[in-house]
Each structure stands twice: as structure tokens, then as C-alpha cells.
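Below is one structure, written out as C-alpha cells; comments come after it.
Chains: A, B, C, D, E, F, G and H, in written order; residue numbering restarts at 1 for each.
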């Protein structure tokens, strides 16, 4: 379309029906979206494999269903995070093949036949961190990554984690999910030489301050290669990990 | 230049020496600065009357002098905030007509012969708030506003402020500078029906938390028309106030 | 009334029925409201076009209805913010012409026939910020400003905002509403040379700390002309923006 | 009792039936409550006029009723704060003459025939601050103080407060209750030369941080004679104000 | 003067040389300081016994000296807090009878021959709290109160405090100064039935957060009659305590 | 099993069926759990007397029941904290001898016939702190410690605590539970020469910030021997206290 | 002495030279320090082996020297923490046998010939944590504990810590010192079944917030038996650890 | 060595001079460092290309020199961050080929002849952010990455950044450094589909809270693929970015 517009203008210039001065003026004032910048948008849609992820919290089921329907018009995959049963029902009404991963509160549609590639390892500390870890797993997979989970390997029982060292090293990127003191990210970062995306969770109480304690701990990690996303943001961590995982594979 | 580039391209299209397809391709990938967006920049330079303000803190005098020289090549006014004597000396070396307002730690060059317009009122609570208030005054003036100051009219002695009510009402915009409990912004906003830009200062101690107390107080102001800038940011407040003051005058 | 009282006293002085000493004593102890200060009040009622806005949160419907009735006795406009359906029903009982803007949780009565003037632009980042943006829109309008909304133009998809640059520049004042990282205020302030009132929202989660993250970001904006109001305070932003918009128009 | 015990021991020493060594040992290990310190306790019961105030929040009605019954065995007055209807019913079951001040969520029994003395002024900023102000009023009264309330005199409409200056000066101590920016305490402290006990309230939203904003503002008050109690602690403020009010009267 | 002005105006009214209309107009627009409100100011000057206290921090010695000279023109007492030797020298230059209490960093001039009245008890926890306690003592005395100090009686060695119980009870108001855990205020408030003004100090380290820990502890005091001032604000506490102490004595 | 594996490998080495090189390689890459580290695990299970404590908050009853059943397969004791009635019912379904301590929200099974040893003193300030104190008591007991409770001995009525000094000194370790200003830990630490584990509680309001005030106070305790656990963490405190209590006894 | 006083009084009672009434009166009003409570003090002096520790920060050398001299009159050991060279010189002037542990900034005098007993393990994460760890070591030793240090064993290189597991288990109590993410305390607590006193340090930068990050991490430790002291408080940790170490040994 | 030890043991088993039982026992109790875990260490040394980075802040030059010498014994590269001139002199004394990047405060030795690979883009907002950006650049390069810098492209002048869009897209990973409102990370993340490691800086003032404002903004970034490291941690960001950059190249 842009292209059509441009061609038409240039044809008029060539034909002499549009003065060069007027054409230059027009071109220098075209809205951004109508010149080069539009490419940004197309790139953006391709980035994680689909144009938009629905954050369900605070949205009404009907609204979620409508957005889902619109996305699926142009995409063969859909991800909706933090969705409850009602949100799922609304999506299923417009996409009968939608699936619901209850532990992750995630709604998925995957009509692509992409093969999962590479490996994103999802490591979590306690059972209360599993919902966030599952959100990271589901997100990684719908973005095309193979995943492997290592749950309940918190630092209070270090031997559990250490027994998986070899397996952890086969991942191309790691998501480490932990609440409380958030020490797991540093320990994993210290024994595995791969990029670690740390996700603090709000699973503790008292001086955890809804995830501030592990957030600060992770930001202060003395292990190189550890970076951090927002509290409970399993989705964001998986997005970064998948981007890393896909390097030179996709 | 942009314009030249565009004209040349269009001339080639017209002459048939450049295919329409190639021209369209070239136009859609031009860097942003070379198409319409450059206008943003030009607008930006005009906004407050000069292209860039030097924030001296953390910069070396030589560096400040060099930036000042570069700015004065294309502008007839210069403002450098939070500058000490050494910064001033560096600016004076490249601009002998530079002046230094010590109370405001501000360095100014004004070679324009603009007439000051409208009225920005600068109200401050205690003597320790004066440096920030002076920064607001100097900034307002170099941006073309007439100013009037009302200093040392804190709420502990309310009669001082109340004796200026009539004068305060003649301003088109007000900058209110206060530390400690920051109550002055609410009181001024309650008696004068003009936009109030509130500036919290770090002048207190203890539970002032270097300006957090008046910042929060001002954000919670129950007087309509009060908005807030960063702690000690006399410059920013004056910038907003001058923009308001200049409406329909400039 | 004040005036009558004063005239009566002065007549008595003139007539000699009141000694100068007693009159001086009386005048120096008159309650503030009975001397010059009363004008403050009258000014205050005129400022935003109506004497008092009802903040519904924490108030009972019956109480809200009663306040609304009292206000409408002397005013031809009414605004009640953060009101639910029950609050609306209570207002409608005393003002059948009341309207309810559900997205803004705002209850309005406008019996004035004022023409909207100028232009306040309302810009918002995400769909979750819309309630606050709508509160700003409704408030701006009842205060007499024309408005134009630019919703869902967050910085993660910059091209959306950039496509509106020309339109944004037609506003006399801008309200920018954003949660999460609050970057939108800086970006808008950087491309449009108009006063920007930034409103952080509590729409994020985790390290958003119910709006603290965008609040701090906005206070630290490096774009000149940006000032900030309380978290979710669409009303306050609109009040400031309308005051600015009305300069030299009203 | 202590005395009896001591006398008995000394008699035994005198009679030689208790060795000096054993008596010294016994005396040096007597529990604190059995020596002089017990007087502390009796003083404590007399301090505010009754031995214990029931803080109802988090306690079950049955438990509240039982405590009330026990207190009324030895006291002719009772105060229970932050009580709901169920708590009141539980108290009324054991004290049919109990009264409930709904606005203050306070339950009172006053079987004393004390005359109220002195004057504690209770000043509050907005309608949302009234519950805390009412708690202060009820507490002051049951502690024996006469009270006078000055409600809805916030600083955004200063003339309201100023019209009460003379009356405010008749109080012996003032309780000032305010949320939002908490400026009222400074303003009152600046115009009335009496001890001011400031109570921040949690009535705001956003950057009020549930009362932190007015708390900090009040702690930073530049008016002498202002001291502060916990957020929403109308009871504590009244307790301090009554202690001050009662000086040289009781 | 006010009075003269008023009388002159009234005389003109009486004489008919000023119309009633013009006089009424003049009276209703007189600046506040020139009508009744000026009394506030006079009251204010009398409140603590002198019109203004110099807070030296951040002020230059020459400036301090000048303010001191001005104050002593109309007052027979002077207090300058947080002053160093240079500040003292500046004051001594204009007031050779100035004294310097080094421990309190306080500069005093007392040319009144007032007798100290009542009793303000100053209690402090550790040796590092003594500067703040001394500021409270010096302030109380220059404001006319007799004082008695109880230093180094922190709760880690409770017997020290308990040995002073009888003496503490002879005070009419108590200032309790403590850093660290700030427990002293509660303990004193629990054993002495007098108004307690608690002053948190910044004397600790680490999780003291420069006085936040004792500030919060004191605000949460479960002992009735405890109110709190800003961190390290010995002056403010003494001001409140003296106001209380002077009730019915002055 | 480890042992079997190792023996088999060594037998193969001895028999020559496995080269020394290959065996060395294998041994250097054995997962941690299969070499010495496994001992850590066994130690860990023995530490407090049982392998795992169930934190019920956020877990579903069915899940809690299943974990309980699994634990009881290998342990003769079980502790589940922060459990409601539904959690208890789920545990009782798999362990009919389970008991529920409602005040502590703790579910216990104790099939050991261990004799309680030593003495852990549990001290608490107010009635609202009792649930946390009870969690500490129940935990201490199931970990094998004798306990004695000293409830409702807050510092506002110091004589109550002082009357128990002798008894407090008989404990080998003390758990001190307090909300509000958290002063109790310092006072106890000052009069009893035993290790004190302080537990701040979230029982206050306002500036208690859900337990931050007592947390900070306790961390700043000037009494030696006081250390602190998380807000409301009665379990953790009891765990530390029991470990101390058991030294040289178990 | 107390004892002498008591005996003398009782002898007088026995001899009849003091009436029983007078004696009872005297005994019930003796200052606390002179009756049973004085034992508290003596107990206190014995607790950690010496009556008072000098915290040098903020004290003048001369003052430190004087306190040291006074303490050494009645004690054969002295500890002064956070002392610089000047403080040491002042102590050495009154105690030529004083030693200075520069790494710990600790000044010690030990004239006792006590044998060190038990074992306190001091574990630290990074080289910047060593000063705090050394303060803990010096304190533990002067309080009579044998010590063993495990420095530079942070979690980023876990193998270093794991190589010391057996040795760590020989300690009776452990002090774990760590800044940054503070994960070391949890890891140590997870592999060694001994009481762990965790000390967060201010050694990091940025989001360490001068030790808040490790403080929160340690308070949220999921390893049982971990309790926490103030940031940088090596002394306090050693005091608690020594108290634990001395159980049943001293 | 490990290997030697193992071989010797196995040889003894094979020779029958060591019983299988004893050998198994020995192997299961070998310290961790001597079995498989040692590989972790070797892996760790290889991870970013060198075993240890010296953080100079708080370390003495002599100490830094000594560590540098030790590292260079086994490594052909060295990085020391946050070093001043004195630190550099100490390193140069042991490594004459050391270089000092003053803007980054980084000391480097690179004796490898590695070719730089891939591309890490370093983007920064203001001139005050350059030191952190330079630290990231130097670190990336010594870790083997090619780099390209995009400095001074803050969001207040968006056109600057947009003119580099094509170049930014050639990077394999991006480090985005920004203080103030930290909006740059979101904007870059929104237009470039590559992993972004965001570094908040402490370069602002007031409500920047030494970097907290941009830290929170970056954690709340609505652009996917953005993760965050500690304030001013250019080193950590570069470490993560290099790890990503090196995937499938190294």
C-alpha cells in the first residue's frame, strides 16, 4: 500500500503532472507510518512469532475473546497470559482449538506446525514458584523453543540442583524462577555458563515485600550472565530466553 | 540538504534515469532524520527558545566550555544550570558576556534583545529554598518570561503569603518552591486560580528524606491545578511555567 | 453581605454612634471570611467552572446524592469522580439529567450551554490506562475544553504515536497517561512543544509498585515542559490542563 | 500486701527464726512486682482514667465482650476502638448502657459522673478524615476533656479555617487530622500557639501511600509545637491531647 | 501602626472626607497583614518567647550573624541551632554575651531575667544521642522551662532507667531521645503518666536507615501519651514540651 | 545403591574389564547426588527431626494431604504451618491422629515418643501476637523442646515482664514475638543473658507497615545476643531456638 | 555491696535498733539498682564476658580512651569496635597491652588467661566482606570462643564452599557474612545443621542499597536455623554465636 | 592432579592392594573439589574468557596489583573495573602492557590474539551515562565481542535514535544504558528485535533516587526481550550480552 502510494506519486513526477517541489514537500511530511518506519511494525510482528500477547488481568472475558479473534485472523498462534477459566471460555468460543494450561493461567492456540528448536531450561525453587515457571515454559514453547523444566530445586537442598548440572548445561538459555531469598539465580549462574534470565516471584511473605527481596537479590547477583525481569514476569523472561535460544537456529 | 537530496532523486525519476521501483525502494528506507522526522528536531530547538541546556553537575569545566561554544554558534542564548565558579570561568572563556547568578548556580548568555512577556510568579517557603527558586527565576527569564519573586512566605507564618494575594493573582503561571512539609503549593493553589508548578526541595533533614516528604505532599495536593516536577528541579518547573506563560503571547 | 456589614459599621462611625476606637477594634478582629479573604472563596468557585468535585470513593451513595443536590442548587454543572453505579443512581435521583461515563467511573451533569474551547489532547499508553484517561477527558470537557484522545500509543510500538505527531501538535495542552515504565510522557514531551501533564497509573504489577515506577519515571523526565500529578489522578491532570487550555480563551 | 510480706519477713529476722543471710537472699530475689515497682502499675491504671482500651480489629466479638466485662468489674468507664456492629453487640450484652459512635467505630461505657474539663479542639481537613477525628473526639471526651470540632477546613479553602481562628485559640490542646498532603497541621500550628498533635490519615490514594505522605509532611512541619502520632491513630492523639488538657485541671 | 492606619481611615470617614463606599472598598482589600491577621504574627512571636529560631545548617556565618543582629533588635533572647564554631563567632561579633553549647551545637543569647518554671525531663538512650538531647535541653531552658536530664538510660540496661522512676514523675513533660530501636519512648511512656515527646535520632547504622527505625518504633508506641517529632529534631521536641510545661504556669 | 554402583565399577576395574582411564572419567563426572553429597541430604533430614515442613498458604487441601501422606511414610512426625480447617481435614484424612492448634494455624502429627528436653521460652507482647507465638510454641515442641510461654507482657506495662525475670532465666533460648514498636526483644535481651530470637509481627497498622517497624527495631536492638527472623515467622524462630536448645542435650 | 547494705539493715532489725515499719518502708522504696534488680546488671556484665563494648564511630579519641580506662578498672578484657588508628592510640595510652586488628577496625585488651572453647565458624562471601567477618572473629575470640574462618567462598563459585562442608560441620555455631545477593547464608544453612547467624554487609552498590538486598534475602532464607542481625553488625552476630557456642561449655 | 589421584586409587584397586570396600568408602567421601565438581570451576574459568574480574572499589592498589599478577600467571587477559589511576599504576607495575580506559575506569590486559566476533551494540541516553556505557564496551570487547556504540540518543530527541534503526538491527545483542526515566530501553526494545540488556544508571538527582527510577522503569518495560542488571553495572550487562553474542560463533 505504502508502496502503491509512493509509486503513484513517482509516476506523477515522471509524467510531469506533479512538480518536483510539491513532491519533495509531500514526501518530507508523510506521517511516519507511511514511510520507512512501517517496517518496524512488520519486524515487530515477526519478533516472537506473533503480533500481540493478551494480558488478561483487568480485562473482561468478552473483550479478551474479541481481541483473540482479531489476532487469529492474521496469526496462526495466540498467547493470553494471566487468564482465568472465564477468559479461556471466551477464547474457546472464537477458537475451539484453544488449550488452557491451568498451572500457568495461560491460554494458547498453536495452528503452526513449527518444530520446537534449541533448548530453554526452566528452573524453579519452590512449589509456589511453579505458576510463574509454567508461564515461562508455555511462553517459550509457543515461541518455538524446546523446553526442559527443573522444578523444586531450591538452595536449601542444594544436592537436588547439583544432580542436574550436566542437564542444565545442555540448555542454550536458562530461566530461573525463585521467591524468598532468590539465591537460586546466583547459584545456577555460578555453575552453568549460559545466559540466565532471573524471575523473582511474589511467593513469600513478610520481608519478601511481595517479591522485592528476591528482585534485589537477583539484581545483585555476583554470577556473571544473570539479568532480571519484573516480579512474576514468567512471560517476559521466556520472551528474552526464546530470543536468545533462537539465535542462529531460526 | 534533505530537500536537495529529495529533489535530485525526483529529478532523476522525472528524467527516467532512475526507475520508479528503485526510487520507491530508496524512499521507504531513508533514515528517519532524512525524511519528515527532521522537522521534530527543528521544532524542538525552538520550543523553549534555545536548543539545549547544559546540566553542569558531573561534567568537567573544559567540556562545559566546549558545549557552550558549540551552542552559541547557532543560538543567541545559553543556559547552564548547577554550575560552579569553575564552570562559569570555562563558559566566560568562550563567551565573555556570560553572567553568573551565584544564588542559582546558573550561567547565562543572552544576546537576544527579546522583551520579557507575561508574568511567572516564583514563590518560595524558606531561605534554604532560594537557590532552587532562583534557578526557576533565571530560567523563566532567559526563556522570555517576566518574573516576580515572593520569597520566605512559608505556611508557618501565613500572614506573609496572604499579604501578597492580589499580586500573586496577576501572574499567568506560578512556580512554588518548598521543602519540609511542602504545604505551600496547596495553600497557593487554594487561593490563586492559576496553574501551579510545584517544586519540592531537598532542604530539610531527617524524615524529609532529601525532598521525598514535600514531593509526596505536593503530589497529594488537594488544590486543583497543581502539578509537580522533580526534587530541586527549578529549571524544569520554569520550563513548564514559561511554556504556559507564553501561550497566546509568543 | 460583607459589604453591607462594613457599610453599616462605617455609617455608624460617620454618624458618631460608634467610637473610632471601638470600630478599629472590631475591624481588626473580624473573622477572616468577613473581610477581604472572602473573595478568595468566590474566585475559587469560579476557577474550574464549579465549586466542588465529589470524590465518591469511601462515601455512601446517599451522602453523594445529598452533596450533589446541594451543589446543583447553585451550579449548573456537576462532576463526581470514582463513582460506581450505586453512586450514579443516587445522583440521578436528584438530577435526572445526570449521565454516567462508565469507562471513567464519572458522573456528570451539564446544564450550561458553554461551547467547548481550545484543545486538550489526551494520550494513553495501554488499554488498562483508559479509565484514567477517560476521567481526564470527561473532566476536561465539563471544564469547558474541547478534547481529542490518542489511546493505545505506548512506546513499545512507537510508529503508532509517531503517526499522530501533527495532530498532537494542534493541542494547547496534553495529558499523557501511562503505567508500567511511564516512558510515554518523555517521548511525547520530546516531539511536541506543548505543556504535558503526566499521569502515572497503577495498572502494572510487581515492580510497578502500584504506579510508583511510572511516577518516578515521569518525575525524572528529560523532556522539558513535563509536570506530574498523583498516580491515577486523571481528574487533577485535566484540571491543570484545562486551566492552561483556557488561558486567553476564557 | 507487699508490706505484709515484708513485715512478716522482718519480724522473723528480728525473732531470729530467719537467718540474716537467708533474708538477704530472699529480698534480693523478690520479683519486681512485689517490691516498689508495683506502684508503677497502680499509677498506670489511673493515667488516662481507665486501665485498658480494647483495640477491636482482629479480635472476635466474644473475646471483646469478655474483656469488656472484666474491665467493667473494676472501672466505671470503657473504650473499645475500631469496633464494628458485632463488637458493639458483644459489649452491649455485658453492658446494656454501652453506646456506639458509628462514625468513630467506637464503643463507650461511661458510668462516671465526671464533668468534662478544659478544651481539646479537633480539627480535620476532609470528609474522609472524619472517622479518625471522631475517634479522637470520643476518646478525648471519655478521658474527661471537653471538645470542640472543626471539620472540613482543609487548606485548599483556607478561608474556612481562618474564620475559626479565635475559637481555635480557646483550646488548651489541638488534634489536627488530615490525609493527602497533611498541610493542615502546619497551618494550624502557625496560627494558634497551642500544642498540636497531628494525625495523618490513610484517606488518600496513589502517592499518599496509605498515609505516608501526610505522615512525612507532619513530621517535617515547620511550625513549632507540632508532634505526630501513627497514621489513623485518633485514639493516641486524643490520649496525648487529654493528658495535656488535664494539666493543672485534674 | 495598623491601629493608626485604621483610626486615620475611620477619622476620615467620620469627617466625611472619605466616602463610605471607598472606605468599605479599601477595608475589604487591605492586605491581610494590615488587618486582623497581624495579630497572628504578634501571637506567634510570643508563643515560644522569641520570634524566630535560626537553623544554621546550610547558611553562611555572615548571614547568620546578620539575622541574629536583626532578631536581637526586638528580642532579648536568641537561639541558633545546628551552628558550628564559625556560626558562633559570627553571632558573638554582634552579641558578645552569646554562649555556645558545643554538645548541642546551639548558640544562645538570654538577656531576659526570666525565672525557669515547671520541669521538662530530657531522657536519652545512648551517648551518641546526647547532642540531640542537649539541643532539647538548651531549647527548653531558653524557652523558660526548668530541665533535668537523664542520659544513658537505654533499655539494654533497664535498671538504670528504673532507678529514676520517682524523679521522672516530677516532670510536667518529657522529651525522650533515642536511636537504634527507639524502645526507650515506649518504656518511659509505660511507667510515667506524663506527655512524652519522642525524638528518634540518626545515631545508628545499617538498618537504622539514619533514624527511620526508631522513628517507626516511636510512631507505633503502644504507650499512651507518646507523640513524635522529626529525626534529630531536639529543638522541635523541646518546643512542644515547653509549650506543655508552660500551661497554667506562664 | 550408590555404593552398589561404585562397587560394581571397582569390581570391573579390578577384573580388568574396565580401563582405568574410563573409570576415572566416569567417576569424575558422576552426578553430585551419587557421590559424597548425598550425605548432606541425610543430615538435612535429621536436622530438626523431620525432613520437610508444609507451608500451607497458597496450596490446595488435596495437595497438602498428599504431601503429608508422603512425609509420614518415612517420618513419625509432621508439621504443617499456616493451615486452615480445610487443610487440617485433608491431613486428617491421611493421618487420623493429626491434631490442629487453631491459635497457631498449625497441623501436627507426633508418633514419636520423644521426651521434650531443655526449655525454650516464648515471650509475646500483645494478644494480636499470640498466633505467631503459638506457631513458635508448637514448632518448638514438635522439634523436641520443652516450652514455657509468657504472653501479653508488652513494654507498656513493664512490671508484667519484670515479674517473670527469674523464670525467663531458666530458658536455654528465648523466642520474643512483638509487633508495633518491637521493643520487647531489646528489653528481654537486656535482662536475660540467653540467645534471643526476635520475631516481628504484622499485627499493627499505619506506620507499622505490616511489620516493618518492629523488624527494623529488632535489627537495631542494642541488647547483645538478639537476632531476628522474617515478619510473622514463628516457625523459623522456633527452628533456630530449638537448634540452640538441643545443643549438648540431643 | 548491695548484700552488705541489706545485711546491715537486717542486723539492725534483729538488734532492734531499726523498727520493722521503717525497715519495710526503706526496702519497698529502695531504688531498683539497690535491690534485686542490681543482679540483672551483674548478670549483664558477665554475659559476654565484659560489661560494655565501645562503639567508636562518632566518639572522640579522648572520650574513647577515658571509657576504656574506666572499663579496665573492673574488667580484664576490653573490646572497642569501629575504631581507627587514633582511637587505638587513645586506648593504648591507657592500656599499653592493647592490640589493634586493622582489618576488623577492632581494639582489644585481653588480660584474662581464659582458654578458647567450642568453635564458631566465620564464613564470608567476598573480599569486601572481610572487615565485617574479622569483627565477628575478633569479637568471638575475646568472648572466649575458638574460631575458624572460611573466607571468599561466595555462591558464584560453589565448589569452594562445598570443599569445606566437613569442616563447617565441626562448628557449634556459624556466622555467615555476605553482601550483594546474600545467598551464602541460605546455602550454608542448607548444608550444615547448625545455628546460622547471618550478617548482611553494605559492600555492594546500586540496588544493594547499602546492604538492604542481602538483609532482605537473609530474612527470607528458606533454610531453617538462620537468623539475622543488622547490616555490617559483625559484633552482634559474634555475640549471639558466642552465647550459643558457650552453652554447656562455660 | 585429581585425575592422578583417581588413577592411583584405581590402579591400587586393580592391583588388589586396596580393597573394593575401602576404595568405595574413599570415593564417596572425597571433598567436592576433588571429584566431579572441580569441572565446574574449569568451566567457570572459560565462560567469559578469563577466570576473575577485579572490582577495584574498596580495594587498595597494592592488593589489586597482586591479584592482577596472580590472574595473569594463568590467563592472557585481565579486566579490572572501577579502577582509578592509582589502581592502574599498580596493575601496570606487574603488567607493563596494561591499558587504561579512563572514561570507563577500566584496566585491561589483552595478550590473546583473538579476533572480535559478532556485534554487541551499546546504546546510551545522555553524556552522564557514558562511563557506564564505556564499561560495557570495554568488557564486551575483552570478552571477544565486536562492539558499536550509539551514544547520546535519549528519548527527548527521538529522531537521533530513529536515524540509527538500521544499524541497531545489525547487532546480535544490545546493551542500553540510561538514567533519569530510563525510557530508552523500552523504545529500543520496541524497534529492534534483539535481546536488550538494560542498565539503569545513577546519573540523575532527586526522585531518581540514585538510579531507582530508571531501574523500576526498565523492569516494567512493555517491550519484550528486555532484561535488566544492577544500577551502573555496565560490566554485568556486557557479560550477559557477550554470552548471547558468542552463541554459535565461539
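Here is the rule we use: a residue touches a chain if its C-beta (ideal position, glycine included) is under 8 Å from a C-beta of that chain, and two chains touch if they have at least 3 such contacts.
Please read these numbers as outputs of a predicted model, since none were measured by experiment.
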| item | value |
| --- | --- |
| Those chains which touch subunit F and also touch subunit D | E, G |
| Number of steps on the shortest touching-chain route linking subunit A and subunit E | 2 |
| Same or different residue numbers at the subunit F/subunit G copy interface, by half rule | same |
| Chain centre separation in whole Å, for subunit E relative to subunit B (CA means) | 39 |
| Subunit C and subunit G, separation of their C-alpha mean positions in angstrom | 59 |
| Length of the line joining the C-alpha centres of subunit D and subunit E, rounded to whole Å | 25 |
| Residues of subunit B whose C-beta touches two or more other chains | 29, 31-32, 37-38, 40, 44, 157-158, 162, 165, 190-191, 204, 206-208, 212, 215, 219-220, 224, 230-231 |
| Interchain contacts, given as pairs of chains that touch | A-B, A-C, A-F, A-G, A-H, B-C, B-D, B-E, B-H, C-D, C-E, C-H, D-E, D-F, D-G, E-F, E-G, F-G, F-H, G-H |
| Subunit F-facing residues of subunit E, complex | 125-126, 154-158, 179-183, 185-187, 189-191, 204, 206-209, 212-214, 216-224 |
| Touch list for subunit F against partner subunit G, complex | 37, 40, 43-44, 46-48, 53, 165, 169, 172, 190-191, 193-195, 197, 215, 219-221, 224-231, 236-237, 239-240, 243-244, 247-249 |
| Subunit G residues within the subunit D interface of the complex | 2-3, 6-7, 10-11, 13-14, 16, 20-21, 23-24, 27-30, 32, 35-39 |
| Subunit G to subunit H touching residues, read off their complex | 127-128, 157-160, 162-163, 165-166, 203-208 |
| Partner subunit F, residues of subunit D touching it in the complex | 29, 31-34, 37-38, 40-41, 44, 55, 57-59, 200, 202, 210-212, 215, 230-233 |
